[in-house]
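Before I ask anything, here is the structure I am working with.
By letter and in written order, the chains are A, B and C; residue numbering begins at 1 in each of them.
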Amino acid sequence: MSDPTYLTLEGLTLRYGDTVAVEGLDLAIGKGELVALLGPSGCGKTTTMRAIAGLLAPSAGAIRLDGADITRVAANRRQVGLVFQSYALFPHLTVFDNVGFGLRLKGLRGTALRDKIEAGLTSVGLAAYAGRKPPELSGGQQQRVALARSMVMEPKVLLLDEPLSNLDARLRLDMRTELQRVQAQTGVTMIFVTHDQAEALALADRIVVMRGGRIEQIGAPEDIYNRPVSRFVADFVGFENIFSIRDGKLWAGEAVVPLPAALPAVAGLAFRPRSVVLGAGPLNGVVRGASFAGGTREYVLDTPFGPIKAEADAGLPVHEPGANVAFDLPIGQAAPLKAD
Amino acid sequence: MSLRFPAALVLSLVILFLIGPFLIIVAASFSAGDTLAFPPQGFSLKWIAKVFTVESFRQSFVTSMILAVGGTLVALALGVPAAYAMSRYRLPFAETVRTIVSAPVIVPGIIVGLALLRYVVVPMGVPITLALFLAHTALVLPYAVRVVSASLANLRSDIEEAAILLGSSRLGAFFDIVLPNIRGGILAAFILGFVTSFNQVPVSLFLSGPGVRTLPVDMLGYMEIVFDPSVAALSSLLAFLSMGIVLAAERFLGFSRYV
Amino acid sequence: MFHNRTEALLLALPAAAFAAIVFLVPVVVLLSESFRSPAGWSLAAYWTFFSEPLNQAVFWRTLKLGLQVTAVSAVIGYAAAFAIVSLPPGSKGRMVGLIMLPLMISPVARTYAWIVILGRTGIVNQALHGLGLTDAPLRILFSETAIFIGLLQLFLPLMIISLISALENLPRDVVPAARVLGANWLQIFWKVILPLTREGLVIGGTLVFTGSLTAYITPAILGGSKVLMLETLLYQRVTVANDFVSASVIALILVVMSFATNLLLKRIATARART
């Protein structure tokens, strides 16, 4: 990576009136990185993004971009691009004028202006729509115009607010590819905000999991996915069976999980449904529900210590609802949690 | 955004500009002095008391009240069926009807007053009071229709049809189903009409005569002769009356939903 | 939906007939009188009217003040509307109520206050004298300035309310988007907010303009008999000179101006409904 501290947030604290949305945030993002801010609503990810854009002034802390302190720089002078969740296209201007808006403000005119706009539109495949107005475009097309509008400004950092949330499955894939292409082609540093772990895992070089205004975990997608550090992150990336370790025993809430195996010296264990071994093992449960999910079968088991979610290959024999099943939670398959 | 301070400043100045003068009038009504001035010299209730003793004010107040209440009632009696017809039927010439009924909003009141005086009162010997009453009713009619129409638009028409299928007559359905549900709108229309009629000046300018005057016109006339705080006192009282009615309506009705 | 056309007409007829007879007919007859002359229909009355310098002055003054009040109320209106839309919901409602409140008070009361403020011994003069800025009291009352102030106060709430409505209907995020693209506040206002709130501006503008053109009380109280506007001129022609012909000429001018601006309003409303 060329400059690992291209964009840094140092001790960033952001307030909305009396509520503290983000507290003492430290983050360093490298030039050309694609970073996802992942978390549930209210975790401060959007607030952080708006602070980077300059739409929100920090109560404490600093933001540095490409060596310069931009904490007090006005939003219209930061060279940061932002693609809004609502796209925020100007309805009274054509696609052409929308894309050219920022360029015109910089003083570009005539052929220089036109060439840049056309290049921008061509790169998102919308050159033919230059004369249309936003209400005439589909949601996916509007988003690409918004993207082009930001990218023609050649920003140092491109921010995207929930870029894939409004799209249906097929468009989501298209836009994901589009964003990766833009990044590969221009090398722009990209930060996007999302509440969807699948989006984050698919797109990002690094994921920053946020909660309650603080960072829970930073890491590459594989790290986040396989080695969540806490119950919160584990839950977020799809671990369904999460236990704490206290006094050398495994606890599911207030009930003990009678696993005879030796427990590692960590705060908790998280098991994915597919890690649960059905059919043999030291533990017992009754099948409460079974559903067919194409390639797998999903089970919910009632046990003395609470419900367990398990997943088995569809080809294996079915465990009917009401049946008693022996199962195992192999420690080796669990993600160790460093914190609760 | 660093616009908080200038925004607050602008807003305070605007509110001051809009309401300040009225507050000055209220303050002046409590003046102990003999002329209308601000700051008021001393504190006294004498001007407020005086207002009630001026004979012409009493007469014109009654006139204004009769016009406002009566005119609005008649306007509603005419307007509610018309609004109903426009909303529940495919009315032939609907646009024409709407235009005719709304026209008084477009034509300046003073012209209406003059026209009635010249072509109705004088040649046909229609008493001024009647002409005044008709003029005020015509003035309030557009508001009545508009507000009640809005209320009707919010009421689904299929409930009337349901009532009819259950055996109700058309008229019965109207009184049992429609009326109770647009009650709020009718009341709002009444209050709006009342306030509009009461405060109206231009229409009543030409249509006044001995003993026949609306209160605002009377106040105007008084102001030209005597410049003392009684007009201020009267203005304050009337203003509080209007505001009180509207605020009460807002409180108990959610008035602003209908206008 | 009911389909009996006779019923419909019967329900609507009383109101329509009433309005037509009581209002439409007399007014139309009055307006037609402006075209009457001994030789039949003609525009003679208009020539006579406009050939008099006083009438010309009154006409232009009325138009001028109408435009001035509209322009100034637009500027102040935007500022106030911005301030209000950025308030939290509770305060916003209270502010809007406060702005609307003056509309419930009789125009006589609202205009009357200016006499106390602008008169020779009024607040403004007292303040100026107290600050040592003037020796003799300034004559502010009974002037175009006084009428301007009175009209502005009367109609500003209408403009503010229109603009609030328009600002609240701005598409989400267009202002921050323009900001991030490099626009300063003046550019944002001119290139984004103004074009997108144009309708609200026109609605507010026509309300203020029509109101100012057809005002009676304010010019009567603050202009007196020296500074006339079209409606006070009309009143004077009738009560002082019994000149009904002039009156009907003025009446027609007023109706045409009022009608034209209302037509514009309707056009905007239907254009908007179509998009």
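Keep in mind that, in the parts below, a residue touches a chain if its C-beta (ideal position, glycine included) is under 8 Å from a C-beta of that chain, and two chains touch if they have at least 3 such contacts.
The structure presented is a predicted model; accordingly, all values stated were derived computationally and were not measured.
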Chain whose Cα centroid lies nearest the overall Cα centroid: C
Dominant interface by contact count, named by its two chains: B-C
Centre-to-centre distance between chain C and chain B (centres being mean Cα positions), rounded to whole Å: 18
Distance from chain C to chain A - Cα centre to Cα centre, in angstrom: 54
Intercentroid distance (Cα basis), chain B paired with chain A, Å: 59
Contact set on chain A toward chain C in their complex: 53-55, 75-78, 80-82, 84-92, 101-102, 105-106, 135, 149-150, 153
Interface residues, chain C side, partner chain A - complex: 171-174, 176-184, 187, 191-192, 195-196, 275
Of all residues in chain B, those that touch chain C in their complex: 1, 3, 7-8, 10-11, 14-15, 17-19, 21-22, 24-25, 28, 36-38, 78-79, 81-82, 84-86, 88-92, 96-97, 100-101, 103-104, 106-112, 114-116, 118-120, 134-135, 137-138, 141, 145, 157, 195, 198-199, 201-202, 205-206, 216, 219-220, 223, 231-232, 235-236, 238-239, 242-243, 246, 250
Contact footprint of chain B on chain C as seen in their complex: 1-5, 7-9, 11-12, 14-16, 18-20, 22-27, 29-30, 76, 79-80, 82-84, 86, 95, 97-99, 101-102, 104-110, 112-117, 121-123, 153, 156-157, 160, 214, 216-217, 220-221, 231, 234-235, 238, 244, 247, 251, 254-255, 258-259, 262
